[in-house]
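Below are structures written as structure tokens.
Below, subunit A partners subunit B and then partners subunit C, in two separate complexes.
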Partner chain A sequence: MITSFLLRSLDRSIVTVVAILLGLAVAIPALNLLTAPDHPLHVPTYLVSLFGKYLTYALLALALDLVWGFCGILSLGHAAFFALGGYAMGMYLMRQIGARGSYGNPMLPDFMVFLNWKELPWFWQGFDMFWFAALMVVLVPGLLAFVFGWFAFRSRVNGVYLSIITQAMTYALLLAFFRNDMGFGGNNGLTDFKDILGFNIQAPGTRAALFAASAVTLALCLVLTTAIVRSKYGKVLVAVRDAESRTRFLGYRVEHIKLFAFTVSAMMAGIAGALYVPQVGIINPGEFEPGNSIEVVIWTAVGGRGTLIGPIVGAILVNGGKSIFTAAFPEFWLFALGGLFVFVTLFLPKGVVGTVSAYLARRKAHRRAADAENARDNLVAEPMAAE
Partner chain B sequence: MIQTINQTKPKSLLYLDGVSVSFDGFKALNSLSFVIEPGELRAIIGPNGAGKTTMMDIITGKTRPDEGQVFFKGDIDLTQRDEAEIANLGIGRKFQKPTVFESHTIWDNLELALNRRRGVFPTLFYRLTADDKARIEEILSTVRLSARRDDLAANLSHGQKQWLEIGMLLAQEPELLLVDEPVAGMTDAETAETAILLKEIARTRSVVVVEHDMGFIRELGVKVTCLAEGSVLAEGSIDFVSSDPKVIENYLGR
Partner chain C sequence: MYRILQTLLITLCLLVSAHVTGLRAADDLSALVNALGTAKLSELDDRIEALAKSGDPRVIPVLEALGEGNLYARKTDGSVYLATEKGGSFVLVDPVDGAQAGEVPKGELQKIKVNNSVRRAVRSALGGLTLFSTDAGARLKAAQSMRQTPNADALEAIDKALATEKDGAVRKSLDEARAVTLLISDRSDDDKRAAIKTLAESGGREALGVLTSALSSADASLKPDIEAALQRIEQAQVFWNAGQNVWYGLSLGSVLLLAAIGLAITFGVMGIINMAHGEMVMLGAYTTFLVQDVIRTSYPELFDWSLTIALPLAFLVTGIIGLAIERSVIRFLYGRPLETLLATWGISLILQQAVRSIFGPTNREVGNPSWMAGAFELGGLTITWNRLWIIVFALAVFAALLFLLKRTSMGLRMRAVTQNRRMASSMGIRTPLVDALTFALGSGIAGMAGVALSQIDNVSPNLGQGYIIDSFMVVVFGGVGNLWGTLVGAFSLGILNKFLEPYAGAVLGKILVLVLIILFIQKKPRGLFALKGRAVEA
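The block that comes next holds the complex of A and B.
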């Protein structure tokens, strides 16, 4: 049942994007590992990690699109779920360091030794096991989203008020994680990772594998979100976005409908964060910065809200632009980003992907009409000509 | 008076007794009482601010009354339930301004309204069955929108949106239908057709129509309740109500 649920709603554009992602998952690692450094097609390891980072951002934007594009919940706190997933992965990576830290303590990470802690806090237990950390990557953001959403949606907090409290949520987490007593490394966060699943985290092979994992995960999540939004539940989501009280008077529990999407979305954001941390090598409270969540909204808007493919394209375009821009004209990047958002809002309200697909649909309708006309003119009575 | 209303309570479909509600000191409903029988088609008239929409809000769970009782099917207390629960009990509501899902097709609008399980997981794994398909086809032809099933609801005319919304209410299969100004903004021909449609619907369920259009109410030919300042002013046939001096003074005369 699950397979048919996942597969029945795929269309050509989604299949194409999934195929591209799976192709990249093979091609980029191959070009990195199998070609000599002076080969013209060689992809250096730093680029592999950079592209991998873009893909985790794309996954975060996809997660946001599920709630914002389809249900109208403008969450300005999605970076918090991303960071929580990242911290869960970071804790696993810290425990993998073992006695190789500067203080050589086999149990405690360096920052705890530095703070004179004698034993591992209870919430660090279990993170030496990958499966446990992987579970926490989805459970912690999922649980936070569930509890937060439960109260917010039940009290019918909507629109800009909801956006503001999601900002408050991520800001509160930022302040909390800055404190040393919280036990998450305070200001410095978690870093100096050595191994993941027994492999050296710096090795090109591991980097390539992390890239491939990011691409495959993004493809799987794209299939999952497509299945969700094309199901009847997805239609209810859009119904809530367009006419919430009508949906309620039809007998749908709007708060449950929103809560499910919000929780699934937060879990996907957590997975994105968990893939991000080993590729950039650090997680610190800066990831909770309110501005980060707003940037995700910009990526999604640029790519095209409510299109699923749009946020992926948007995240890669904007972050690619950011990498190039900040190297070439570092002081102008923020102006460029702000200008881009204004431009897209004014001139491409459907985003890049939305605009292109609207253009293609129009051209197709046009051609169909022209064909039908020709068929009439030529008095060809074949129904096939109208196709 | 109290005694008679208590006797009718178990048999009634909808029963309001002494319902009052005020907003910021303004008494929107002032001890409103009336009863709808199963299978009844009832028209409600009254000047602006008489409390017609507030009454619908109370019945459908959008607003809680300050005092008074609201019972559905004899013993279901509506004041303790929220909109979704009340909708699932079998009370459908049509808004004053036509409200349909504009970015969905006509077909999807009806599919969403169809009386099926409405939880997250049932909808996630829902598949359109032959029965459901037939039911949607049937409603499409009842509201005369069969030819436009694949068009977006946003592209319908005002009158067609009103009809689609009525179709959605039918798909919900309610026992009681509350219809707020169904012919506002309709042409005369559409109005006449809507009267026929509502009478057809009322054969299998109770319908309460709030309307300003006296011609339309005459066409319906049913019992009329006139509200003013939050309570019932007069009740009876259209001729009886419209000859009542209080009604003329409060409503018709203006």
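The block that comes next holds the complex of A and C.
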């Protein structure tokens, strides 16, 4: 009874969150574009981009929650998938610059001219087309996750070991992307973008559209993940999380189940990265920092792992806090973030959303019990309804 | 035929002259010295050479005095003295036997005038003469300088020095100097062949340079020999390069071992993912900085002991911080490794920021004590003392830890708690205490590693960050819960890294190592030396 009750309340909350996101997708761009700059409700363009960034972080956290919250895979390399998606988008944006770069070369991005390259490397081919880049945004992280996961889950690399090798993966990518020879701009990464789909990337209208796209994508992904975890497959996923060996003994191919979740999650992270890059205007190897991946974990943990809404709330809370803190007391941000890590793991293991919904559920259950009691007192003669 | 005769003749002459010089040492020396007094400036060069040829160590102070302009001739008889001014007169010293020779008024002496060409002659003569100095170090230096700037005229002096030299290192250096000199002299081809052989044996970059330059000017008959020698040296170089790589690898391995060994305790034995481990290393390095700071300002004479003082202090400081972390955070998280990971990551952020706030974000300078500075040569290898000490230190820490775990009652308790917590508890072991002490031990060892790493790395708040991933790799690669695995893992990763570097470059080499580890873990998910038994499934 209580489980189904909880599920129904979660259902309602998911719908609410989706509605809020869609509302934001309309409201923020409208407040930005349609109101005058001195209007009290006006949202400046930089804030639109900032909120858009939070939403892409939220999408990344949501992706992590799918594997960590529902499958027990603590990936410390999700920022790598995010960055790969970002690089794919960055490559498209670089190709859109065309001859407007500092060197004015119509074929080659500036850094390649600088490195004296004569022609576009093979892996840059096709990135001048948006559909191709969009495909790569999903395919590259997905493929990496598939290959990596296929090896890892097949040989039953579990728990802590998996966390550490995912960390090694993102660290290796970090080192690799720092190299100039890789052909991704080395240290400086990709920046100085001009156009996206023919629109000026700096224009308020484009910014607002990107924000709306982020919000809508987040809402879609939320619905998708909810559908996944509510399905039969989702039940097995949770079973793998809670008793992996037992699930295997029951005849499920645990490695396939994990692999599917891991790959879908990496694709979502890639999409998040692709939405992130045009809004911040740069992608560089720093995004692969192992520390970034761990930060994603803390967003998810703060919001509440295994709740789907939690990571969205957590990512927005922590990053909003970060923006405010680093502006007001830059010295103390790391103290605050570090303290948050300790506090959440010690005192808030279910996260904000998990704790609140558990409290609500308990109170409702309590009230129900009280109601039932009252009903019994009042209608002593009547037979009890079956619970 | 002619060549052989010539050789014979020269040898004969040398023998005779050496013999004769030996016989009439002292009187002739005085005569030679006095000859300086009567010589004209243009004749001085020859006389100096004559003096130098005597090969007598007593000539050295005479020539030095001449070079400095302290040598005077008496106007009356032309005899030569060392003179020092005293009031209006000169105090005379006999230059050959050092005996006092009275005081004379200034007017009676005439300074032996020198110019640059004479000074040069003095210098080169001294170079040859120091070959006969009684101090082995001076002889070695002379031989090395003659090797670097060979002078065909010095050959006889070298031959003579070789005949009497007993010190092995000096002999070797002399042999090489002789070979280098021979190559540019007009000696016979046979001699030169022998010289080429000597050089080929000595090897090294310098010999390679000497031979390469000799190749262009050599006779056609010698060319094949030189080419063969060059090839031989190059092969030897390949060998020594491999040796150098092994050495660098061992050095890197020892650093990895130091960084990972504390982690092998907390992660390997206790199963705690301590992300703040790197910060313990960093705190150890900062302890060293503080100790050196106090020593510099208050007890500068103790500087060479700074590391010895810093070691136990760093162990205590980080050990106590570790204890505090275990008691306040980690003990609530046993059995939830992923949560420990997050909490300790938070702690690491706090510690980093704390150090940054206190000491500033820039690098702090930590000096090397004198016994850690410098380097020595071993065959073709250059071995720096600090790297050598770090290897020794890493192995010592490893041995001490192994002893502690395997041979003491504390170690027994630690292992018991690791293997079966409840059983250990019911046997009367206070498991919470053991947990706390084990974690403190792991942290303390990280602190000691920090003392060592402060010698080769920048001491900055980010010091620990650079080591954390590598240390995890080492522990996971070697096998969790196994100290020997950590040792083997550290050294094999270090050597592998250094062997990949020349081919792939430093960064790509590191990436390759990471990829190899990731692949390796697929194959052996529990590392090189996996623990077996039920503990594994816990």
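We take it that the second predicted complex is superposed on the first by the 369 of 387 C-alpha atoms of A that agree within 3 Å, B and C clash if a C-alpha of one lies under 4 Å from a C-alpha of the other, contacts with A are read in each partner's own complex, and residues count from 1 in each chain.
Throughout what follows, contacts are C-beta pairs under 8 Å (C-beta built on N, C-alpha and C of every residue); 3 or more make two chains touch, one makes a residue touch a chain.
In this text, all values refer to a predicted model and were calculated from it rather than measured experimentally.
Student: With the two structures overlaid on subunit A, would subunit B and subunit C clash, or do they fit side by side?
Tutor: Once both complexes are aligned on subunit A, subunit B and subunit C fit side by side.
Student: Under the stated touch criterion, name the partner, subunit B or subunit C, that contacts more residues in subunit A.
Tutor: C
Student: Considering only the touch criterion stated at the top, classify A:A19 as touching first (subunit B), second (subunit C), both, or neither.
Tutor: neither
Student: Have a look at where A:Y161 lands relative to subunit B and subunit C in the superposition and call it first, second, both or neither.
Tutor: second
Student: Taking C-alpha centres, what angle do subunit B and subunit C open up at subunit A, rounded to the nearest 10 degrees?
Tutor: Result: 90 degrees at the vertex subunit A.
Student: Figure out whether A:I228 sits in contact with subunit B (first) or subunit C (second), or with both, or with neither.
Tutor: first
Student: Based on the superposed arrangement, let me know which partner A:A172 touches: subunit B (first), subunit C (second), both, or neither?
Tutor: second
Student: Just to be sure I read the superposition right, which of the two partners does A:V236 touch: subunit B = first, subunit C = second, or both, or neither?
Tutor: The answer is first: A:V236 touches subunit B but not subunit C.
Student: What is the contact status of A:L74 with respect to subunit B (first) and subunit C (second): first, second, both, or neither?
Tutor: Second partner only.
Student: Minimum CA distance, subunit B versus subunit C, superposed model, integer angstrom?
Tutor: For subunit B and subunit C in the superposition, the minimum C-alpha gap reads 8 Å.
Student: In the superposed view, which residues of subunit A touch subunit B and also subunit C?
Tutor: Residues common to the subunit A contacts of subunit C and of subunit B do not exist here, since the sets are disjoint.
Student: In their shared complex, at which residues does subunit A touch subunit B?
Tutor: Residues of subunit A touching subunit B: 1, 5, 228, 231-233, 235-236, 238-239, 242-243, 245-254, 256-257, 260.
Student: Could you list, by residue number, the parts of subunit B that touch subunit A in their complex?
Tutor: Residue list for subunit B touching subunit A: 60, 62, 83-84, 87-88, 92-93, 95, 99-104, 108, 111-113, 118-120, 123-126, 168, 172.
Student: Going by the contact rule set out above, which residues of subunit C touch subunit A in the complex?
Tutor: Touching subunit A from subunit C are residues 271, 273, 275, 329, 332-333, 337-343, 345-350, 352-354, 356-357, 465, 469, 472-473, 476, 507-508, 510-511, 514-515, 517-519, 521-523, 525-526.
Student: Across the complex, what residues on subunit A touch subunit C?
Tutor: Of all residues in subunit A, those touching subunit C are 74, 148, 151-152, 154-161, 163-165, 167-169, 171-172, 175-176, 178-179, 290-291, 294, 297-298, 301, 331-332, 334-335, 337-342, 344-346, 349.
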